[in-house]
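You will see chain A twice below: alongside chain B first, and alongside chain C after that.
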Partner chain A sequence: MSRPGFVLEVDDRTPPMIVHEGLGFRLESFPLGTRVVYPPESLPAVPDVDAAIDHALRNPEDSEPLPALLRAGMRLTIAFDDLSLPLPTMKAPDIRGRIIEAVLTMAAEAGVDDVKLVAANALHRRMTAAELKHIVGERVFRSFYPQGDLYNFDAEDQDNLLHLGTTEHGEDIEIDKRAATSDLLVYVNVNLVAMDGGHKSVGIGLASYKSIKHHHNAKTMVHSRSFMDHKKSAMHHSAWRMGRIIKDTVKVFQIETTLNNDIFPKSLGFLQKREWEWSVRDQASMLAVKRGLAMAPQKARHKLFHDVRSVYGLTGVRAGEVEAVHAKTLEKVHAQHSVEVDGQSDVLVMGVPYVGPYNVNSSMNPILATCMGLGYYFNSYRGQPVVRKGGAVILYHPLDEGFNQLHHPSYVDFYEEVLAESTDPAVVGEKYEQQFAEDPWYRHLYRTSHAYHGVHPFYMWYWAAHAMDHVGDVIWVGGDRKAAARLGFRAATTLQDALEMASSTVGPSPSITYLHNPPHLLADVR
Partner chain B sequence: MSLASDLKQVREGWRWGRRPLVPRSAEPYVLPTQKSVFPSDWSRGPAAVAAREIAQKAGLEPLFRSQVRTRVEGLDVLERLEGPVIFAANHASHLDTPLVLLSLPDAWRRRTAVAAAADYFFDTWWRAVGSSLVFNTFPIDRRGGSMATTPGEVLAEGWSLVIFPEGTRSKDGWMGSFRMGAAFLAVEHGVPVVPVAHRGTFAAMPRDQNWPSKGRRQLTIRFGEPLRPAEGEGVRDFAPRIRDGVAALLDEDSSTWWEAKRHAASGTTPDPSGPDVAPWRRVWDQSQSPEADSPRRLRVWQRK
Partner chain C sequence: MMLALEMFRSLPRTVAGKAMGSRMPGLLSGFAAPLRLVTIDPPVVDRPGWARLRTRLSGICGSDLGALSGSTSLYFSAVVSLPFVPGHEVVAELLDDCEDLPKGTRVVLDPVLTCAARGVEPCENCAAGDTNRCSRVTVGDLSPGLQTGFCKDTGGGWGQQLSAHRSQMHPVPEGWSDEQALLLEPLSCAVHTALRAGVRDGDRVLVSGAGAVGLFATLALRQLTPAGEIVVVAKHGHQRELAQQFGASEVVAPREVLRRVRRSTGAFQLNPDYAAPYLLGGVDVAVDAVGSKQSLETALGATRAGGRVVLSGMPAAADLSAAWFRELEVVGTYASSQSERAFDQAIELGSLEPAVQLSKTVVSYPLHRWREALDHAHAAGRLGTVKVAFDPRSSS
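So, the complex of A and B:
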């Protein structure tokens, strides 16, 4: 049986704790009394994945069974989440591939000929053929990719977008035309964390900039508290308004999956365990990995971490009407990630790991590291933020990975030019967003190469807007000083220095909480 | 950070060479251990007995006597007894086991085994081998489970047993409640129980200490008249009698035989679980080593 998550209070018996910092980790001795939030242990996995998928498709929530929705002569589109989920990448076979195979088997039995598979990558980069193949599996890839029936969504292909109208708030809804004009749109998602899924799947994954800009902006993000709680997230409210209109236009059959917390493979098993329970073997492998990383060049460290394929167990799969499915999905996600935390603290400490949604097979540049720390990890709460208003956030990351020119070309200009002028999300958005979004060179790279959309770095910055608005001080431990300064933050060498620096904001003996993730957690702050 | 500093951090953080500790706030989440228990049958074979004799006589005893002083009383009861018996003693320290063993006459000591908590002394092979070899321990499950070797089998082989019926070391030096194990074995196998009371081990080496305090603290130990379950007496009736026997001996150890007898007759034997006062006062009382009558007397006659 898996144990629940809990809040540890550091005492004289507590060994040093693992803190992730990019392509590595450190052992940190936190001050006595520091609260450390541990996620629940991995939930037991579904024993027979194929049977679970079949059961979900035949017994959906608030919908007819999938076989009843399939008929000869129909237009069927299957959309699926891109490689930004799950994190790290799942060991083959990917759950999406297994579900798509099951859907296609039923479609073949029903005699459906017109089938397209589209990766719902929105403004993310186009995936390579190998990346697509990893997600859908060899069999599906071979049957659809060479014919051009399996492809990445192109949010800049004006001929293949369809404007479905506007919401009562005046938000444009523009999504993939093929999906919008299909008789049935099947969406296969991986609901890794609580923010994923629901109306966000079709409403954002298959949408264009014209549609996405209504909720991906500084104002909305500041009012998403947090974006991990869709009922209190302005971004999700917008996506839900759009989703309800999409639902009136196209029949969406949503398939959502939830995974357990089995993130690290055996070789890095110590990262998965609670430190005081490390065996001698865990201690030895930690030492070996730590010393190996200290000696290895950046490229080797990058390879070691980015080659990790997680052996997630499937905790559930549900299909049917979007909102009914998503409600059940969230129950499972919360069971795996939720930890009750009693009240806020003055200082929040988080270690930014090597991977986030936007640097799979790529590098974690300073903007992505900020997004990961102040965006995803800071927002991993329900109720209220873990750190009090005006408190301090201490992040660990070297901020030294540089920029991947293939994947993140617009980030370079954002970093060099935009952030040099202002780091205020609202200000930079107002002044520069449209220019980046409509830049023909970025658009060209997005459409033909493997670049994130020109506007994407702005979104990363908006992701952190709530945190920047909420906290008084952000300090990067072990961070490159120049990079931290460019981001508008400060850098410290050690935790002690960082606490010293933060003392002007939070006093000399602040209460400290450290979020011990990954594995993923969601702090339920009471 | 160099390899050396990494090693130092891990060595200190994970208490190499010492028992690992769980942070207090994590204790409710500790998994019940289902670890294998290492067998100890070999430790009662002739080779192990010979090795133990050397270990105890050449190693343990000189070391023990260099760290503490002892006063042993009541051994005469053993002269009137044939083994095996069950020695039931109060438990306040890791010094209790060597104290009981090294106080026994050699012939008795060589044929005495010690019941030790399986989850504590038999969780790793080296701890199992070490404690079996030096102290002749065998594992018992203090949660009531069954073990490969039962205490009954050890008794049946003719070994006397040392059992601490409290099941764990006292947190404040005062005696806790007695479990039924010793009484059960005595009733089941028809062997007498020799109550054993000792004082001073908590003062010399309490729970969190792994070596006796400096200054050769005084320990006292007293063996009492054997108790036998009466005809038809059940375990539940016999167990309190064992506890009363130990309590009377503790009383005798701190007063005199006559006073203790009178206390027992009038039902005024001091409660061995101690007074109901603030925790610090309970610890305070027990952290005082007992005084022997003549601590430095010359022993002309060798005790057998």
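So, the complex of A and C:
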């Protein structure tokens, strides 16, 4: 039986807490009275994954069973989430591969032979063959990739995009032509956190910039309270409007999966546990890893962390009509991540770990670290933010990983040129977004190399727009001062220094909440 | 007799300067400079149209520093006559009446020693008014010397007196300070640079360098051409501010230039093995206002195929592959031409507020403090100065 998440109040007996900071972690002693929000323990996994998948496909929500939707001579497209999910990468076999195999088996039985598999990477980078293989599995990869029937979506391939119309708000809907003209579009999703899935899957994963720009902007982000709660998220409202029009054009059979919180392997098992429950072995592991990391060069630390493959357990799989499926999915996600938090605090503390959705097998550059801290983690709430309006956020990350030139070329220009001029998401978006989005070089790299789309760093910055609008102070503990300043923030050496610096914003004795994340949590702030 | 700085022939000093001058500029003002403070007879050219002048101010130019450090190409050794008194940016007053100009008139010099000054029949270029392209700079009444300040017979601005021909003289406008007037010669060169750049309406222009040459080129490009965006490469903080005042649309640091140009032009960036990156695409016109290998290669690498690269600074040896591969027009700009009325246009530019303000920052030294002056000029960018000059009248 897994234990629910809870809020610990730091007292004399509380041991130092693990705080993630990029390619490492530290043990931090928080001031007395600090609230520490722990995620729920992992929910029990489905015992027979293949049986659960088969059951979901044959007993869908608000839809005919999948076998009934398949027929010889039809055009079938199977789209699936890219490598930005789950985090860290799932140990093989990936759940998407298992589902795709099940769908293909049913399709073969029905005599369907026009099948394409497309990675719904939207404006994310093209995955390598090895990354695709990891997701779909060896058999599917060998059967489809060499023929060109398994590929990355290309949001800049104008010949293969289709404009489906506009919403009542004038939002363009332009998605992959093959998907839009298929008799059936099966979407295989991994719903790691509450913001994933639903109409975001097809409506964003297979969409072009022309479509995505309507909801990925500073305005919608500031009005998404939060984007982890789709009913209160302007971004999701837009995606939902688009999704309903897509649904009228193409039959979408949505398959959503939920995972438990088993994200760290045995060697890093102590990171999964509550500190006062560490066994002697856990303590020894922690010390060994901590010492090792302290001595290891950055490259070795990068390898150690990025080689982590998580042994997630599947907590549920549901298929059928998009909204019906997503409602059930969210119940499971909330059961795994929700923690009730009583009221807001003056200061919110978060450790930014080594990986986020956009630096899988890559570097957590300062923009991505900001997105992770002020975007994903800050927005991991329902109700109201964990920190009060005008409060302070203290983040842990060294901001020293630099930029991956292969994956993030436009980030370098964004950091050097755009942020040097302004850090206001609305201002930089207004002036520079279109330039970056239409830059031929970035387009070229996105289409032919493994680069994120030119506009992507703007989206990362927009993710943080709500937090920037809400809080009065952002301080990075252990952060490179120059990088923090470029981002428009400040850096401190220790938590004590950070609190001292924040005292001008929140006073000398602020209430503090620390989100003990990862594993993932969603603060349900009352 | 007069006091003057004299550049003389010294193989060991020239070799030493060439070997280390650019890395250790202190050597220039120490033992390595082939320069000495001497007391000599004032230069007199006893030919029609020539007159004696008393120097009021004379600037130290990048080409002077290049000559002293030995970094200037030996190509030029045939068009100078040693020993000579350097100084071709000159503000002086006439000691004699000179044709229509009475004694005491303040003038600035167009330093080029043309056919008219040399007393020979006008060559094809001089006849056409392209006086900076004169083909007779080694013959006639004078010893070889492309300009005043490189010819042993005329003297130069780094001496208390010099001689100049009427064709070289431009009266200083009423009310102008000597410092303001000192900027006229480099401004006239900038006028010529801007006109040679062939800028068309809305062209994107890159100016590599924000010393005096780069700043004046920026001003001239902005005022005299229909340039669109002008991106200036500036190394130092004060240069960044000045470049904006002089008309830059944007100012970038040297390490940022390729990225910035790539971004604004949508060019593709290539990263060759063991060589600096370059662009496929880029600005329409690039002006190298430094003359270093790095600056010239940056200009070449940041210019679109078929674009134009203007050599405003005296160029160093550089990789010209881009000029071949991208079919660039590489255009030299030397001094200024009378047919362009460059000095008249320079006077207009010199009346503009940024130039007036800049003239107030001119730093001058007496001749006997020449070591300090050269040190200062060599480190001018770092020290926040744009123009360093000699004031031979001063004794402190």
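Basically, the second predicted complex is superposed on the first by the 526 of 526 C-alpha atoms of A that agree within 3 Å, B and C clash if a C-alpha of one lies under 4 Å from a C-alpha of the other, contacts with A are read in each partner's own complex, and residues count from 1 in each chain.
In the analysis below, a residue touches a chain if its C-beta (ideal position, glycine included) is under 8 Å from a C-beta of that chain, and two chains touch if they have at least 3 such contacts.
In this text, all values refer to a predicted model and were calculated from it rather than measured experimentally.
Placing chain B and chain C on a common chain A by superposition gives a fit, with no clash between them.
When the shared chain is aligned, chain C comes close enough to touch A:E417, but chain B does not.
Across the overlaid complexes, the C-alpha centre of chain A sees chain B and chain C at an angle of 120°, to the nearest 10. In the superposed model, A:D439 lies in contact with chain C only, and not with chain B. In the overlay built on the shared chain, the residue A:T14 is in contact with chain B alone; chain C does not reach it. Using the contact criterion defined above for the overlaid structures, shared-chain residue A:L406 touches neither chain B nor chain C, since it reaches no partner. Taking chain B and chain C in turn and counting the residues of chain A each one touches, the greater count comes from B.
In the superposition on chain A, A:M286 makes contact with chain B only, while chain C stays out of contact range.
By the touch criterion defined above, A:A129 reaches neither chain B nor chain C. Aligning both complexes on chain A leaves chain B and chain C separated at their closest CA atoms by 36 Å. Those residues of chain C that touch chain A in the shared complex are 256, 259-260, 262-263, 266-269.
Residues of chain A that touch chain C in their complex: 412-413, 416-417, 435, 438-441, 444. Residue ranges of chain A in contact with chain B, taken from their complex: 3-4, 6-11, 13-16, 27, 29, 274-276, 278, 283, 286-287, 290-291, 294.
Of all residues in chain B, those touching chain A in their complex are 1, 3, 6-7, 9-10, 13-14, 20-26, 28-29, 31.
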